[in-house]
Each structure stands twice: as C-alpha cells, then as structure tokens.
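One structure is given here, and the rest of the page talks about it.
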Amino acid sequence: MHIPDGYLSPATCAAMFAGAMPFWYVAIQRLKKVLNARLVPRIALLSALSFVIMMFNIPLPGGTTGHAVGMGILTVLLGPWASMLAISIALAIQALFFGDGGITCFGANCFNMAVVGSFVAYGVYRLISGNASLASPRRIVAAALGGYIAINVAALFASIEFGLQPMLFHTSDGAALYAPYPLSISIPAMMIGHLTFAGLAELVISGSLVAYVQKTDMDLLRVTAPSAADRDHEVIEGAAVNLQPLWLLLAVLMVLSPLGLLAAGNAWGEWSSEDFKNPEVRKQIAAASHNVAPPENIPSTFEKLSQVWTAPMPDYAPAFVRSPRLGYILSSIFGSGLILLFCFFVSWLTGFGLRMRRRGTA
Amino acid sequence: MFRRKSSFGFLEKTIANLGEILNHADQATLTSGEKGMLQQLDPRVKVGGALVLIVGAVSTSDLWVTGAVFLFSILMIALSRLSFRLYLERTWLGVLFFTGLIALPAIFTTPGVTIFHLPLLHWPISSQGVQSAWRLLARAETAATVAMLLILTTPWTHLLKSLRFFRLPVIIVTILSMTHRYLFLLLHLTQNFLDARSSRKVGRWSPSQQRELTASILAVLLSRSLQLSEEVYLAMQSRGFTGEIHILDEFCFRKRDWLSMMILTTIAVLLIMLR
Amino acid sequence: MNLFDIQCASYRYREVQALDSVTFSIKRGERVAILGANGSGKSTILRLLDGLYFAQSGSVCFDGRVLNEESLRDEEFSFEFRRRVGFVFQNPDVQLFSPTVFDELAFGPLQMHWPKSKIIEAIDSMLDRMNLLHLKHRVPHRLSGGEKKRVALASVLMLDPEVLLLDEPTSSLDPKSQSQMIEFLQEFQGGKTVVTATHDLEIVGDIAERCIVFEDGRVAQTGTPSRILGDELLLRRTSLIHEHRHMHGFGVHKHPHLHKFHTHPHEPIGRIKPLSESPGSS
C-alpha cells in the first residue's frame, strides 16, 4: 500500500498533505500538552516495531503469506493520536532512508495508513471492546477486527486516490498522466489483496499481540480502555456502549471521503462526456491484470449500486451528481457503513456471548 | 506424490527482507562517505534539491522535462562516484519490475486509438494506453533515482538535522532519530531470532504452527520494544530529561551551498515555466 | 554526613520482590561496591538511588532530602539532583539513544541549558580524555560493546557529577579495556562518591573501600573488601563464588572460584590414571 512517486498527481499529493496536516498538528499539540515524557521513547520503539512488522511475511491459511502494518496493535497500545505519529514516522524512515514509498506521496501514504488506519482501528476496537475487562477475550477480537477493518479502509482510500487519477488528469486525447486505472479497476484490484492477505495478516498480528499483552503487562491496555473494569469476574455493563468512538469514526469517514471530490473541482464536468469503456475491453483487463477477479462483474455491480445513489437525483441536478463515478464513491461510503453495522453486530454478539457465559457460571 | 512447498520458506523470505534492509544501510554509510560531488553539499540543499526535482519530474506533463531530470540524476550518479551497478540492481530494475507490472495492463485497458493487435489474443493496444504506461514508468523511475541519490549521498544523521531546517518540530525529529536508532537494534534482534529458528529445521510446519511461531517472535519483539522504551525513558530522565527537548543545530552554509541553492532555484523556475 | 540514607526501602515489580527492607547509608566521597548475584537487586537499588524508581515503603534520602515523586517534581531540586548524580546503565544500548556519539554527549548539557559553544568545547575535551575522538560522528549501533560502555560513561561524565552510580561497568569488556576502565575510575576519584554494582570480585579491591553484599533483595553483609573477600562462607552462600573443579596434571580437585589471583594447596580428591597405566588397555 506504499504509493510510490509518480502515481499520484501533485494536486492529489498536495490535497493529501493538506488532509493529513491538521491531524499531525493536533497529534503533536496533544503530545506536547500531555507532556508525558515517557511517551517519547515509547512512540519511537513502537514505531520501530511497526517498521519491523512491515518486513514480516505473515503465514496465512492455505500456504500464502501477507504483510501487515501494525495499525491494530499500535493503536491499542498508544491511542489513535500517538499511533498516528508512530506510523507516520515509520513511513518517513521508509521513504527517506530506504526509498520505499514516495516522497511526494508521503502525505497520501500517511493519510491512508497512519490517520485513517489509526482512527478506524481505534473506533472499531472501542466499539467492540466496549467496557470489557482488560483481560477479556473480547479485547482480542476487538483488536483483531480493528486491525482487519483498518487496513482495508486504508486500502480503500488508497484505491480511490488511484482510481481518481485517470479521470482527473489525462491528456486531451485520453492518455492518463498518472496512475492509469479507473475506480472500477483500482478498487477491486486493491481490495481483493487486502480483504484476504494483508487484512488477515493484520488480523492475526493485532489479535495475537493483544493477547500477549493481556498475559504479560495488562496495564498497557489501560490507555485505550478508560472505563474498563479491572478484573475479569467483575460485572460488565455490556449494553452501555460508548458512542464517542463511533461518532469519531463516522466523522472521519464523512469528512474524508468527499475530499477527493473537492480536490477534483472543475474536472467533474468532463466525466459525462467521456465515453465509458465497452464490456469487451473490460474482459481483457481482467485477464491482463494477473487474473485479479474479472472486473467485468464488479463494475456492473458497482454501477447498479451507483444507481441507488444517483437515480433519485432530480434531472436538473448538475451532470456530475448523476455520474456513475460519484456513485462509486458514494457506494464506498456505503461500504464503510456496512462495515460499521458489522462492527455493531460483532460487538453485540461478543457482549451477548460474555453475558451468557457469566449467566452460566453464576 | 503431491508435496507442499517448503514450509519454512516464509521465514527465509522475512530473513531476506531484513538482510536487504541491513545491507542497504551499510551501503548508504559507505557511499555517503565517498568524496563525490553530492556528498560535499549541505544536506539542506540536497533535500531541497531532491524535492524540487521530484516535484518537477512528477508534475510536468512534458515527458522531455522528466527525461531531462532523469539524465541529470544519471550524471549526478557518475559525479558522486556511486556505482551504476548498484543503481541498476537496487533502483532501476526494482522500479521497472514493480511499476512495469502495474503499468503493463494499462496498454490494453485504456480506451483510444488502436495501433496494434496482440497476435493470437487479438487484444487491442491503444496509443493512449502505451502513453499512459510509459508516462507512469518514466515518472516512477525518475523520482526513485532522485530519491536514491539523496539517500546514498547523505548520512542519515545529516538528513535528520536538515529536517529541523524545514521546520519539523523538535519532538518529531527526536522521535524520528530514536526510531531509526532502535530500529537497527530490533532488526538485528529479529535476524538473530529467525536465523536460530530457520537453522533448526525441525521437520515441516503446518501453517498454523508457522503462524504461531511468527506471532511468538513478534510477541518477543513487542515485549523487548516496550522494555527498551521504559529503560530508555529512565536513562533520559537520569540525564535531566523532563519532556522538554533541546537539540543542537550546527550547520553552516558555505559558498558552494549558496551556489547550488541558486542553481536549484533556477531549475525550479525553469521547470515551472516549461509546464 | 551521609550523602545517601536508605531506610527500610522495599521495591516490588509486578510479581518479584526485588528489594526487601534494605537499610544502609553512603558517605560523601565514599567508594562503595554493591555485590550480589544475578537478580539480587543491584540494578534496582541503583535506580532508587538515582530517583528513577521510588521506594514503595521505607525511604531513600539524598543529601538530607527524601527522594519521591513529589520532591523530584520540584523543578529546582530535580535539576540540581540530575546534575549532581550520574548513572551509567548496565545495558549501554538504552543509554545511547541519540543519533551519534556527539549528540549523545550533548544531550545532558543541553538539558542543563549550557550555551552551545561551551557544549561543543566540553565534548571535544571529554572525547579526548576518554580516547574516543575517532568515534565522534559514529552512530551508536556501529560501536562495539566496549566502545558503547565508554561512550555511555563519557556521556554521563559530561555534567561532571559529584556522585557516580555505575551498573556493571566492566562486564562485556576485554581484559585491556577492563583495566583501562578501572584505571579511569581510580583517576576519576578525588572527593567524588562512586557506587558500583558488580558481581566481579576481581575489581572490588580497586574500586571500593566498602562493600555491601546483596542477597535476594536484602543486605547480607557490609564490610571492607578484604573482610568480605575473605569470608568464603558468605560469598558461597550469596553465589558470588562457586565450586571450581579443574585439573592439575592428572589430579582433579575442587576449590572456591575466587575470580582473583590466588594460590591454593593441591590435595587431589581423585586421580585419573594416564591411559598407558589403565589395566584394560593394551
């Protein structure tokens, strides 16, 4: 997911820097204000750990391997703000010292993995773990899913940034200036790898490391569990889910998703005039892009989805609102919504399981 | 009989990754100590220059400009006494392979004027597609070459200090340098773990055992990181650290730095005018 | 007057009682060795003396003032305390956290708000004094274990502390660097208080005039080096020496391993016959 230089237009890069900047600013201000001197070496060491985690080939079911980032475990141990700084720093060292991930795309990479990754991981973790005790297995599930969903949402952001390039930046005869694939290809191509390999790797790492911390130094979990009960047998008010992280997550998604739209500016009009690729060509894409699932089907699903959003728009609305591209973006927001609902469901389920177990032992 | 592929291959791949990183670090230390042209420049000039060149190469729509930047960096490789073989192996081929693989399908997927049909498969190749792929590759190669120049001719510690000049907060520079410093400790530690594990090839491991092994190694690394961070904190405290950080900025601009600064500014202006 | 006064101090990590009601004191200008086997609590007591950890019961006083969270939150006192007391950690890796040796040496003075020119000057003379000038711009992960130890010591000495707490200063040093280090510590003396934690009996006589022997987080014995080193029973009980079996010629015999040059009577406790004498062989 490390975007190299040359894939994103300078305008996108600038927009992504601008997007990440306020988060960095707040994170640094918070770090200074808390002035928890202990945090300085801890962020540094965990940032180094995240770098090492990125080096690892994590074995997955079926003999495959995947790469994780460590967003899940870093967020649980540091909270979203410090974790954002830690991941940004790991990415900075990769870009500046190892030439891994572009310098102009540094803002975009940080935005996707550090900012979005940390907040999504935090939101999901808080949502699912609720008020569970620090030793509760529910925290393991929460961290694992937090990592899984975070890396996927981050990948979704990256794929949207990719996919917007050919629409916004092309020569007069239609050759792409930057990343050449439209959303209909970039989203599925990126997400298939992340929903499976990278996502699972992140899931395994986040879950097992939180389990390890529970066994060895449980107090470290207190940072992101302000209201957790201390001991396992204490009664948990499972139903009282703190809504704050949810709002945070929603706000992040709402604010950030249309960022690309805003950056697009006047280019929207051009879309409708641009002719849409014929289905035959699309079949060939599928074969050519190393057998990543046939995008032929996915775009059509997306197109249907997009109509859900664009169809109710009145005829007199500007052309771009009815554009299928807007539909794609809205449907990715829709997808994030589905993920949220899923979290609610898991949260309810684990809480339910715990309550049942307790009732059984009581 | 059907045999599963080597079950410790996953460890070997990670070991290879680590080896490459450590190797890279060694190389950079060596090359940045050479007496080449770029090595003599102030790191701030180099960071600024690399930024100007990369942004220029990336933002121009004229491929000739990108090409000029590329040729300029090739010239710099020679003047800075860097090995072309190292460059080819490490940067050029790497980018060619990675970006090439990504760019190739675009030849077929981009709609436009068909200039050629692939024999047998009859896939159309569009002129726009070729242009798109070529552009992506050219930009990626050029930017990576410039970045490599910066990395291989500037000691990390200088790079770090020059970041202060670009108004990065002290606290971030401090964390960044500490991360870099302990990264090597963790990398060596990981390498030792993995070498010990992979040389002790105890039969074949099932995927779940592999996963357990990886998780246990990472768990040890995590606990080591946390323990180190705690002790580093004590050591800092013992020498008077209270959370407020002070660092020593000790750079002075020399004549050649001013000169290259001016050349850079000229290049930047030219690039902007050429757009 | 006592510089350090430790009264019934206890410290407990999560599951380990590292210090159990420890009482002793250290006079100004005294050179003290804290002896003890691995895990006996040497590093922990040094951290208490340096105000990094605080006694959970009992008290640790420095120069008449008790060391606790509150007293060290007093900026003036904490500033003075940090300037006057230097601590060289057992693991030099945790102490060398800066990008280069130069920055490492500059860290302490910067925290103490020294002017820039004075810092640069002081670093050069310190590096010269410690024979480290050639390492000035090295990054710490490219130093050998012995070099790391010396740089760590140099970085602590930058502030010219009047109390030096040393945790295993000679471990992982080769014999030459070890004797250099000891020579240096002897030179460094001169009215300064030096507290050294070690389990290396060989150096005790050179670096201390009083020993405090730790055993499982308690003070087992205090006394002059010659008295402590002569008390074989105590040393054996606290695992500072162990039975040493070795061969002289054909005889195997045991004696306490004293880690210092000594002579001992050779009464064989067993005899291995040379091959040619053994009856079975032909």
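Order as written gives the chain letters A, B and C; numbering starts at 1 within each chain.
Everything that follows uses one rule, which is that a residue touches a chain if its C-beta (ideal position, glycine included) is under 8 Å from a C-beta of that chain, and two chains touch if they have at least 3 such contacts.
Just so it is clear, the structure is predicted and the values come from calculations on it, not from any experiment.
K.L.:
Taking each chain's centre as the mean of its C-alpha atoms, which one lies nearest the mean of all protein C-alpha atoms here?
P.N.:
Answer for the innermost chain: B.
K.L.:
Between B-C and A-B, name the chain pair that shares the greater number of C-beta pairs in contact.
P.N.:
Answer to which pair has more contacts is A-B.
K.L.:
Average the CA atoms of each chain to get its centre, and name the chain whose centre is farthest from that of subunit A.
P.N.:
The chain farthest from subunit A, judged by C-alpha centres, is C.
K.L.:
What is the distance in Å between the mean C-alpha positions of subunit A and subunit C?
P.N.:
Centre separation, subunit A to subunit C: 49 Å.
K.L.:
Using mean CA coordinates as chain centres, what's the subunit B-subunit C distance in Å?
P.N.:
Here the centre of subunit C sits 42 Å away from the centre of subunit B.
K.L.:
Averaging over Cα atoms per chain, report the distance between subunit A and subunit B in Å.
P.N.:
Each chain's C-alpha centroid was found; their separation is 23 Å.
K.L.:
For subunit B, which residues are shared contacts with two or more other chains?
P.N.:
156, 178, 180, 182, 185, 228, 232, 236-237, 241-242
K.L.:
Which subunit A residues sit where two or more other chains touch them?
P.N.:
Where subunit A meets two or more other chains at a single residue, that happens at 41, 217.
K.L.:
Which residues of subunit C are in contact with two or more other chains?
P.N.:
Expected reply: 97.
K.L.:
Per the contact definition, I'd like the list of subunit B residues that touch subunit C in the complex.
P.N.:
Where subunit B meets subunit C, its residues are 29, 156-157, 160, 177-178, 180-182, 184-185, 188, 228, 231-232, 234-242, 246-248, 250.
K.L.:
List the residues on subunit C that touch subunit B in their complex, please.
P.N.:
It comes out as residues 47, 50, 52, 75, 78-79, 82-83, 85-87, 89, 91, 93-100, 103, 106-108, 110-113, 116, 119-120, 137, 139-142, 155-156, 159.
K.L.:
In the complex formed with subunit A, which residues of subunit B make contact?
P.N.:
The contact residues of subunit B facing subunit A are 4-5, 10-11, 13-14, 17-18, 21, 24-25, 28, 50-51, 54-55, 57-59, 61, 91, 95, 98-99, 101, 103-106, 108-113, 121, 123-124, 127-129, 131-133, 135-136, 138-140, 142-144, 147-148, 151, 156, 159, 169, 171-172, 174-176, 178-180, 182-183, 185-187, 190, 207, 210-211, 214-215, 218-219, 221-223, 225-226, 228-230, 232-233, 236-237, 241-245.
K.L.:
In the complex formed with subunit B, which residues of subunit A make contact?
P.N.:
For subunit A paired with subunit B, touching residues are 4-7, 9-10, 13, 28, 31-32, 35-38, 40-49, 51-53, 55-63, 65, 73, 85, 89-90, 92-93, 95-99, 102-104, 166, 171, 173-181, 185, 204-205, 208-209, 212-213, 216-217, 220, 275, 277-278, 281-282, 284-285, 288-290.
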